[in-house]
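All chains are identified by letter, namely A, B, C, D, E, F, G and H, in their written order; residue positions are counted from 1 within each chain.
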């Protein structure tokens, strides 16, 4: 509802082309679709530049399938995260072309129109250990859904520093770097000190005992001594990729 | 210590221009300066694209002044954060041209060479309440130190939504938005839903009782339902501005 | 055991109509019914204006069914919350007229005498996301059990502000507003700033990672910058509706 | 910015009495006053029925005095909470008629127009121990500022139950009850079981050791077994009184 | 290994009745029985006045059964707490006379010699709600195992104070009172204010949301404003009964 | 307000010796004294067997002095805990005979009538390290105030076990043992295993870093593997002594 | 990649025996093996003196089996910790000679070359209770895997001190002592005071209620008053044994 | 009190050289010195191989001075940690030869007899940032007090990895490495991966916001992915050095 839209509408009212009652109605009638349990925000793409994504956790398989189908019908590429196998089955029944990745728990549907008008931007998705891969994979698939190339670099934790140093060239090419790590969450600080781009740190719930479900990694990352590190919620690979996409695309916007 | 540097050095060794001993020495001799209590990382600018900044908390006024003077002597613009009045006095004795901002607790020194080669990028720094201004100001001064225009929008908390909606045009122009908020930390979620750029959320220690020194705001921001929000440490205006600078500059890099 | 009851009783003793022993007995014999594991508080309706409700969690299906049947036999409308399907089955065997809502986990029984003597008061029950609906539904059913009209407004979270602004008229008509939200729990603050009635905030355990089972939302709500927000326990839709009922009924008491 | 205001404005545009540009301006120009560090929300009274109150903590004495004077000049009664003696001195210089209560840390200014158009509603403010009085007093003064009679009942903690039972008649007359308690925070549950009106529980930071600054009382109150108890932030006497005022006034609205 | 035992032994050495080697051996050979995974402390009865009890949690059914049988063979009454149905089955195979209480999860075996030489002392075991009964029952069975009469008073929570006041006579007769409560854990404070004997408070894990597995009740009890309240671990009905037994027996020791 | 009192009163009403109005008054008029900020509970001695004690923290020196003087005037021995030097000065002005112990922060006044009618019972007060002495001393003085002999055993921490074993004879004579320990709080478990009487564990706030103000010791004690250990709040020497007094006196009651 | 290796390589470059390109390659080609999901660090043995160990938690049975087989093929002894029965089955299929210990959840494979060139060093592994044995057993098997003799001393908790004092001779012979304890975690402090070697404390998740999954034991151990105690993560028997091995082997290095 | 001492004593009793009474006395009379508030453990040196050290925090200057003087008089080298300037002044009056280090807050006294009979062992003490130096210095001085050479390596945090890699040769020579770090506490993991000796991690309280007084660093270190890392309490430089001393000395014991 930006200023020019408002000016146009008011000018139409002034010219008598639109009645005040209709204008009032139109101002209230913003583009979301109310399907009872959910208000699908088709408007988000306009407002934020990236299409809405379905967060499947806490929704029934039927709800996920219904929302997925509605969005697919709208012609956009669709992504659902945190999808259980049950939700995947329900979606497959409704939208057979959807793809399920059991590791990352994602459901995706590509559509005709490619997502990005820019030269393909690039991010790196690192994970500290093998157990962090599901979170990293959620991030990678999300970025690709938004048209960004996502290089995976797995099992490069700080206890064997040479594994990380061996991939420095790949780090140097990225517009933004996502680092997924559990346990002590030290990897973002080390990576942050090696590169000159933003690092999005994703604490994972990998660990045991005093990791307290990822809280230790989260606290470590928030206290990072590398100033280019910001943090998202525990296991939130999706959010990290969303932000990395915004950064990477913006870095290539001027080049078109 | 990238690959080309290594290749060049090894070629010199092969041609007998550099002895193996000297090469070994040179590989170890990375550009930091050891002044006893501190190892100044002059190399950071090369490695990360932004000069090192002095974190004054926990250092004696004498240590701050010594580091500040060394960095000033190296010809770069200098910034110290979390500086006490005592540290400011010590720095002023050593570097009279330094400027102290008591609200933001920053010490700055401009130098001849401007910091940014790009068209001036722009960020917004919002704060939810009057009490959050010191943190926002630390962010603003840091961004300006790095050559980024930083628009301040104070006291736009969510309990009076019209105050926020009144500044939507200014939000729309920014390459990145910093949101400083204490108490429940709800502002980043609301701002995140209104814009299409990354939002860096800075929880502040403003609040009382169950705010637990900013922990409530921190948790709120980490759980933001807006996917473009990432978070830095409590009261870390500097870190937020550092990341916002990287994002804003990268968005304008292609335009030069 | 109010003063007038005491005065009456003592007068009867003075007149010799009641012996001291019987009076002592009667003072001790307050109206609760001891059925072994539970002391049913039939007296609550007198004391607090609303009938007792069965909290089924932690009770065996048999215990729930027994208490439910006793209360049904007393002729009042009955409500059980947090009822498992097993408890529902046991209650159905004992009281076939009872209704089970699997989403809200409530068991209800309407009886002949309507609950409220007042013009029907009205509350709104908002929830931030689809996953918060079970808690909101527990609140809605509870309010209706107490004779209050409860308008549901689902999926109006702050990341898409226009969805909330679209229901402002409905908010304006309510005597009290219940807001159920997980994750960062920002919705009550925003709603609180829009209305002039009390807002009862219900943190939900919806979320993951650093939501810590609803603690993040709880802390956010307790630190709300809107002064008309008070908070109940995580997922406590029942409690919120109980309080909202008291407020809404009191607002209409004078109008009878 | 309600619907009728919008309809009126649009009708004026239609009739050519207002240009679209001016209307746009007016829609954006909501009634807050920007004085640099703060945006005073004169509009709040319209929107929420109660005038804005100054939260003095975290503001400089000069800021408090400036806001206080502006609001006083607007002709409304003024209340500042959490005011230090320094802030009080600054306000007195600017507004000599202001009154400071050092125990409750409040600054008040009465003005000609009385606050409430209703028959005087009534609340009770209880505190469990002598040390809780400052919080209770903040609540009491706030309620009176809003035109509500506030009966104080101090030192009625649960370890000497007869002290509480002795004031039951006073409890029975209140439209809403505020209970301030530190330590284990048990008082609201007990009071809640005795009355049929909403109880607003205010945990206080009174206690030591495992009270963890009021967290123990806060948790106790959130887990209250009395369903008519809702909770505000630790030491938030102001917020409790704000809500109690809304409830008590609404209970008397119909009687005018 | 008290002083008199040592003196006797040393005198025997002096008289040549015991060699130094044998004495050394005997001093090392304290009365515990090493059965591989466990060192059964038969000596505890001597040292602390009450026989050892088997804590079955974390032990395999086989381990529980083996320890139970060994202790039964030693002729003492046996008690195992936190026993699963599987452990109960294993014990029944080995010691058919053992009794299992599924609610309290206890296994007991009475033996010929009665446990207590004193006139039967008496305690009360209160619980706030029906859901706290398993913990209270563990306490009651434990006390009876140690020869103490344990009066149960269930469902006397503070939200219906008259239920508690109705049992005051029974409270007045007890030598020690155990109070089991979850949620806000307010009951011990109220009971503590009514009686003149020690109150052992047992927080239970009953509750939801911000009860955090009993932590809220625990904190409440630790901060009790009644000075005669001490606290044991969450759900530790056994420990409470152990201490209550020591207190109640000691109160009757002089009367024999 | 026990049953016999009620029967007597009612009989007087029946006989016409007391009017119903007067009886009602008398039932409400329980013996506490309302001095504005505080309701002194003279009745406590009757109800719980031990006189009320002044908790001075959070009260002004004037309040402490006023309460102290009132209680002194009532002829009972008086004890105030957590008294600051300022409170001590105020009390001395009002009651010159009062004694201040700066280490334990206690104010005491002995009076003619001795506190205990029993043969002098005995407790031990242990502390793990020199820094725990203030808490132990608060416990010791409190016990003596209530007529109990309190043997102090300082600096007997578990890292030098022989220091503890050297005082076993003294432990063996006590009716109850208080153990004050900070840091890891291990001492109560070790002591609990050596004796057959109740152990009251007092966590102290002594320690640093991860002791978190005594929370580590508190948790340790709550999880004690010795079943005769119960716990009071951090630094609550007074509470421990209160309970130990009840236990020790009861153990000697029968011997009179 | 130590200095001498670098000097040798550079000398070869200088002599023309190695081209700069090959040298660059070799420097980058550090000895880890990338098998997709995991980078096996064969180099660790060189760098840290002990071979890499497989942490099976969070890996699929197939991943565990693949890594196990690769390491077995490299000829070294292999150890996997936290292995589920499913992982054990998968490993057995691939490497039939592997041994599974279901209690300790370890998979081991001995190979021809013995692990240690030193005289067999010795450690003690204590556990406080029977339930701590799985953690202790993980420690014992790990130490033996590394060629260290590991004496187990089970069920020697502090509540029965004589059980611990009975094994003092065995403690005296160890080069390092591992102490596994849950609940209050007091055992390391007591052991630490008895011996003159480092004590590695392993908090276990054994306990209930306020043990909070081992946090109570962890905090206790971190606050140990015995200065020779250091701590590893909750249930981390492997880590404790790894460190104890380093200490014990170093103590015997000079004796070869 | 080892076995041979016991055998000798008992043989003396058998031979009539020592009476049973005297032997009993001697067994109880272990070598500590009771000076009222403190029991000095002269026996510790015998028992643990290192002399007792004074922990000055929580003791009055007079107490520190008295203990320091007593230990000095016993002829051993003396160390006091956490000494305030006031304690230093008091010690200087009593023992003029004592040395105070204000940064590390240590008081030391060397004496004629050197502490270590071994070839000088060597440790490294690293700190991540300048602000961690006080903790590192406490560690260094403690190690030197015990006869161990302690190489300091300051300001080698992970955000500038080349600073750490530059000191690898020095790390390689140490028998044990102490790493002091605040903020995210990542340094021990990185160091642990580079070396083959035990790493003692010391979290420091350096940091702000979500460092929560060192808790973030502590959790990070406990969750270290390097298995040779164990942890001591926050800021506990003394403890780390104590353990490192035991390890380093043991590594050189065989070489004498």
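Assume a contact is a pair of C-beta atoms (placed from the backbone, for glycine too) under 8 Å apart; a residue touches a chain by one contact, two chains touch by 3 or more.
Treat the numbers as computed from the prediction; the structure is a model and nothing was measured.
K.L.:
Quick check for the class: compute each chain's Cα centroid; which one is farthest from the centroid of subunit C?
P.N.:
Farthest from subunit C by mean C-alpha position: H.
K.L.:
Between subunit D and subunit F, what's the gap in Å when you average each chain's C-alpha atoms?
P.N.:
39
K.L.:
Can you check how far apart subunit A and subunit H are, centre to centre, with Cα atoms defining each centre and the answer in Å?
P.N.:
Once rounded, the distance between the two centres reads 49 Å.
K.L.:
Could you put a whole-Å number on the gap between the CA centroids of subunit C and subunit H?
P.N.:
The computed centroid separation for subunit C versus subunit H comes out at 59 Å.
K.L.:
Scan subunit D for residues touching two or more other chains and write them down.
P.N.:
Residue numbers touching two or more other chains: 3, 129, 160, 193-194, 209-211, 215, 218, 222-224, 233-234.
K.L.:
Provide the full list of chain pairs in touch.
P.N.:
Result of the pairwise touch check is A-B, A-C, A-D, A-G, A-H, B-C, B-D, B-G, B-H, C-D, C-E, C-F, D-E, D-F, E-F, E-G, E-H, F-G, F-H, G-H.
K.L.:
In the complex, go through subunit A and note every residue touching subunit B.
P.N.:
2-3, 47-50, 53, 168-169, 172, 175, 193-198, 200, 218, 222-223, 227-234, 238-240, 242-243, 246-247, 250-255
K.L.:
Could you list, by residue number, the parts of subunit E that touch subunit D in their complex?
P.N.:
128-129, 157-161, 182-186, 189-190, 192-194, 207, 209-212, 215-217, 219-226
K.L.:
Where on subunit G does subunit A make contact in their complex?
P.N.:
1, 28, 30, 32, 36-39, 41, 43-44, 57-59, 63, 82, 203, 205, 213-215, 218, 233-236
K.L.:
Note which residues of subunit E are touching subunit H in the complex, please.
P.N.:
Checking each residue of subunit E against subunit H gives 3, 6-7, 10-11, 13-14, 16, 19-21, 23-24, 27.
K.L.:
Quick one: which bits of subunit B touch subunit D in the complex? Just the residue numbers, please.
P.N.:
129-131, 133, 154-156, 160, 162-163, 166, 206, 208-211
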